[in-house]
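Structures given as structure tokens follow.
Look at the two complexes coming up: subunit A is in both, with subunit B in one and subunit C in the other.
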Partner chain A sequence: METITKVNTIKDKLIAEFESSKGSLFGDLSIREQALEAFSKQGIPNRKSEEYKYVNMELALKGEFLFSSSIKLSAKQIESTQFLKEAIVIVVENGKFNTEHSKTSSLPKGLEILNISDAVSNDAFKKYYSKYADINSDPFIALNTSLATGGVFIHVEKSAIIEKPIHIIHITSVSENTILNSRNLIVVEENAQATIVESYEIVDSAAKSFNNTLTEIIIEANAIMDHYKIQDEKDFGQIVSTTQAIQKMKSVFTTHTFTLSGLLVRNNLNMVLDGEFIESHLNGLYLTNGNQVVDNHTLVDHRKPNCNSNELYKGIIEEKSSATFNGKIYVRKDAQKTNAFQSNKNILLSDDGTINTKPQLEIYADDVKCSHGTSTGKLDEDKIFYLRARGLSEASAKKLLMHAFASEVVDTIKIDALRDYIEAKISKRFE
Partner chain B sequence: MANEILAEQISGEYKYGFVTDIEADNAPKGLNEDIIRFISKKKNEPEWMLEYRLKAFKYWQTLEEPHWAHVSYTKPNFQDIIYYSAPKPKVQLNSLDEVDPELLKTFEKLGISIEEQKRLSGVESRIAVDIVMDSVSVKTTFKETLSEKGIIFCSFGEAVQEHPELVKKYMGSVVPYTDNFYAALNSAVFTDGSFCYIPKGVRCPMELSTYFRINASGTGQFERTLIIADEDAYVSYLEGCTAPMRDENQLHAAVVEIVTHKNAEVKYSTVQNWYPGDKNGKGGIFNFVTKRGICLEDNSKISWTQVETGSAVTWKYPSVILKGDNSVGEFYSVAVTNNYQQADTGTKMMHLGKNTRSTIISKGISAGFSNNSYRGLVRIAKGASNARNFSQCDSLLMGDKCGAHTFPYIEIKDKSAIVEHEATTSKIGEDQLFYCKSRGIDNEKAIGLIVNGYCKEVLNKLPMEFAVEAQKLLAVSLEGSVG
Partner chain C sequence: MPYCLSGKISEMLVIKNLHASIDGKEILRGINLEVKAGEIHAIMGPNGSGKSTLSAVLAGKADYEITEGSVTFNGKDLLELSPEDRAREGVFLAFQYPVEIPGVSNINFLKTAINEIRAYKGQTPMEAKDFLALVKEKQKLVELDGKLANRSVNEGFSGGEKKRNEIFQMAMLEPKLAILDETDSGLDIDALRIVAGGVNKLKSKDNATIVITHYQRLLDYIVPDVVHILYKGKIVKSGPKELALELEEKGYDFIKEEVGA
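== the complex of A and B ==
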């Protein structure tokens, strides 16, 4: 019989990496081993995989990769990424919690912030870690669960109201091609309230990075949480960012995803509405240019009756970039009286750009109101004419209209400083 | 009228479930090259046709059954199907008198009275019918009247014999045998079907119609329809189908191809009422059909209208390739599922030419334990400037054990495109019901009224004869589904 020589694929390399580093990883090893098995079953998705049809993950993960970076950034470099002045700052540098630069010394009452690898014995950690992010549903969840190197654990105690936003800065700085797996767990207990901003930045990086990051968010009964994700990884950062959120009775969760740059951005936002009278808002804005690929996947899983969800994603696509929106509303049999709405609007400004959109409804309950709408087009000629008739140049008329298009999402930002920051970024972009 | 519908609702069982006792000439069960040679020989086909079949068969053997659709069923055993069944005695039929009286009775039961139509031939509303029973086309009416205008309307088998140049040129040009699993299977084993050619500048004076009927037990039906509209031609084509009630699942895998040349228009309407299985989901037809049209040249138009009420499992996406500039594609659909029926249906609109337009209106109604999915693709290719698409997919749920799903894919590569998609899912509005009831209309009737109103946009597109039948069908299909 002929012997088949096995090609050393990225999958094999990842598995080998786990074997060599498993002694130094935090948490329960059995969870990691199960996850690794789930990952080796699923493998890296190719273009034939329905969920990863429009992003070429095989291409993104081609070549040699390291699994950590030893670069330590200076305080000044880190400061340059702190765009919120009034915030509790946490720094996750190259997939690991950075104690030195994180301002966790004088935290308000009811707030606990730990390096996730120090949180292993915490009760909330034990209760929730890896409970909701299903390793069998996505290979990148499995990969992260098996290889996670670090991140932050945030615990907001019962009835605690944290007024200042918590800003988690994920900084990547690599000298060689590197795959990073960071993992965060956020627990907001009953009647508590918190605002969390996650930003993704690349500073002084010389090679390709692939960030596979996963944030689990648990929102207990009557809790309120605002979540912001700002992705700005320039022209060479690649990122798969998964947010797994679970909401309990009467909680309110608002999440915003702003994708401003990045070579390849894939967002998986999975929301589980596991209780009655829940309110969820999902907002997203993506501005793409160059050869960028942005793929937003959202899943809203209505499990219980009387919940509301509202989703709004908008995008402006320029040059050779491609943007994908794939949103699913899933209404289970028991989830009567569900109101679920979804809207996706795109403007395509170049003939080389691509928009793929797949808004889906999967509904098993009858007393519901669900709808989705999507539209794709160019800038309205009539509107341009109106503005030009009032003395604006064509360029500034277009700029004004693009601003107006984006402002529907930008206006949902509740933190003034953050809104100003995003607006400034957009203005700069459209110059 | 409403009373009649109600009466039918109460007794609303599948009324086409009879079996006609006609002796049939069957091929043995199973599928291999010999069976294909047998079919080809039976049909007295030329060598090139057999070669095409064998090529398709070879390719089919390399394929795996697709499983991406939102349906679940036991995979048919392709070796346990009779691939050829012809009603016997098979003689060349010249006039109606020569038709087996049993067969004529079948048609009467089906509500297609050929005699009556012959008699009414002077009347404005006329339909020429090609009837395909099991695997063989048994009768084509009005052939002579049509041939005066140069229109060719005959069974596929006849077309292979008499118009091989047309068949050779167009067959497989829209749905190649490499297209998908069932298209490959069909290309290998298809037994008959309809062929229609409308010559340059001719507007077909009557509606053309094909009626499909599965009769024999254990058979699969694999027919092929090919419609060609030459420059400036127009035709409206109807298709209907029924089958007897049986406990087994029978397979229907058809291929329909439409080609339109410059300024031509084809309107294709389907009322699909294959046996859906009983209340417990036993039996019923697997309806796995590939339908596609191509607007080959400028200013042409293809319009699909379908009313889907039958079949245990439906898997069907009538599509349009908009290749010519200024061409237009339309898709209007009502899909009803009840009991344990499953439907995964929708359309594909491929915009390639400039200034192309497409409209998609899909109305799904699910009741009982059924699942009803819309799956569609709108693709605007690079360079297809000023393409325009509007899609609307509405779903209506009746009962809390059924499911309604929407899976639209939209892929855009041209900046001048304008594409809109809307979908809603809801149940019948309490306020609408209250409005009707406060005016003395009882619950069932009110629901009938609301459902018909909900589907109106699509039903309006059907030819008159079909619209009446479709309305009744909707009511029967939803019988007892609302409490």
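== the complex of A and C ==
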């Protein structure tokens, strides 16, 4: 009885927040109202919800929360989060586009970047906003769609090739417990190419934050897009991060998710392959320790024939932390000649750590090649001994082997500066 | 009486009454062996006689329990040292089955190894330029393709390439005592010649080699000063290099008869 009261409390608070702030929110209010209704039907998932059974969302959202933060970080504090020297930087501070610190004044030809609240009359925005992120499929999509406060709209025009990576820095800095709902829409038009890096950082924060972020990505025919998500919210950031991607024919999409820290991290990566001859790559690496909980849910939906998807997620789990990998692959009846591969490998370094891994393949076509594999183990004693027998200390040997384990994912990073950054983070972690 | 070479050089390795077991089963039952600098010793024996156990125990593999006896290496109690400190003191084991380590580059790992050994000896890290020159020189010695040296440790190597890589690592680390554990197993004659050639070129009056093998063939290329026959966890017979030929001719059965087993 008590549990039910609590669920209602947080749900009621979220609904009340919508009622009081709806006058100041961007975009079409009817979309938000529908989303709110969808949210109130679903509620905050509890541990009995099949999709959220390994992350305690009720606990994460327990207590009082604000819905915005008035903290404005200094230029210096914001600069400290810019790890890519050669990039088009966009700052989303506490769930809102920060014009002052975003370097969007002189953009390359074919690239349009707007504060999402200024994009509502843009044709591409109207065409795609909230079209693919299904409010009835997940309560956090519904919540974000109803309460989104800001974020960025990126539009890469037809045949434009944007060479520099576009770096969206999501910075959280709160003085009281706060729920933030940021929203991004990225449209890569036909035959265009772009690289987007999204990073999540906490700077000078004194309280618990709960980031419910949603990025929609539309990749039109023949377009190529590389996407990186770098999550590093220390030991106190909580995040539900949804990527909703749709690909059209002959497009190539590569997405990487690096979870370096965070108290609670839930990633929902939903990909729809809606055209023939599409290529999709999903790479992920998560390093967990302390009491961290990291949960990666991925969905690859093959709707048309002749597409390839390839998924590789790896994790190193230390101390009392817990990691979950749930990979769904749908191959629809029409999607003949599909190649879909999935692999999840974990190293469990402690007796108290937990790893839950669940591949879910649903195949309705008959001429397909699909495979999945999963493994969880400790570091290989024979390898450690071999390295020690050559003069390496036990610690060096283990460090080398953990690097080697991670390298399969790290090596897929195409931006040199980003790869160096991640490698340095991994080195520091296993010092 | 154990067969010994006379000489004034002090012993590098002294094994006394060594007993070792695994999972409560005794494998080594009182090994006695003395090896001096400049010598090559061959240890031969049938399958299951304890050859690989001896090499693993000397390298410091944790799976074995030493129940009795002692091993000193240049005056130090070897059994007290961690595997890495044994390597740093100059013990090298060429593995019978070298492991594949995907993601760890051969060169990077050797660089780390050399620098950790140097640090142990109180020396500064090797200059990158000197290291690369050393790699080049030693690669030639075992005719190891430059591409292999740069790949992940043993990943996708053929059996022969793995063994050559062991000798390449040995050449890089310049150990005082090299233990070659059935380095000849699975090698074709060309690879065997290359591997043996590498070992011979690395030979000096200051280092010693223990060649562990089942067959005499390798000893045509690496000529031992002493041959020991290991049987049921003990050295039952030692003699000059001709002993290996006798063994090849008569087979291991003659040992069984001789020791009354």
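In the analysis below, the second predicted complex is superposed on the first by the 423 of 431 C-alpha atoms of A that agree within 3 Å, B and C clash if a C-alpha of one lies under 4 Å from a C-alpha of the other, contacts with A are read in each partner's own complex, and residues count from 1 in each chain.
Everything that follows uses one rule, which is that a residue touches a chain if its C-beta (ideal position, glycine included) is under 8 Å from a C-beta of that chain, and two chains touch if they have at least 3 such contacts.
Since the model is a prediction, treat every value here as computed from it, not as a measurement.
Annotation: superposed three-chain arrangement on subunit A; subunit B versus subunit C shows no clash, the two fitting side by side. Of the two partner chains, subunit C is the only one touched by A:405; subunit B is not. By the touch criterion stated above, A:63 is placed in contact with neither subunit B nor subunit C. Contacts of A:393 after superposition on the shared chain: subunit C is touched, whereas subunit B is not.
Contact with subunit B, but none with subunit C, is seen for A:351 once the two complexes are overlaid on the shared chain. Comparing subunit B with subunit C, the partner in contact with more residues of subunit A is B. In the superposition on chain A, contact of A:23 is made with neither subunit B nor subunit C. When the two structures are aligned on the shared chain, A:382 is found in touch with subunit C, with no touch to subunit B.
Once the two structures are overlaid on chain A, subunit A sits at the apex of an angle of 70° toward subunit B and subunit C, using CA centres and rounding to a multiple of 10.
When the two complexes are laid on top of each other via chain A, the two nearest Cα atoms from subunit B and subunit C are 15 angstrom apart. Residue ranges of subunit B in contact with subunit A, taken from their complex: 68, 382-383, 395, 397-427. The touching residues of subunit A, counted against subunit C in their complex, run 380, 382-383, 385-394, 396, 400-401, 403-405, 407-408. Only residues 50, 333, 336, 346, 348-378 of subunit A touch subunit B when the two sit together in their complex. Residues 59-62, 82-84, 86-88, 92-93, 95, 98-99, 101-104, 108-110, 112-114, 116-117, 120, 152-153, 169, 173 of subunit C touch subunit A in their complex.
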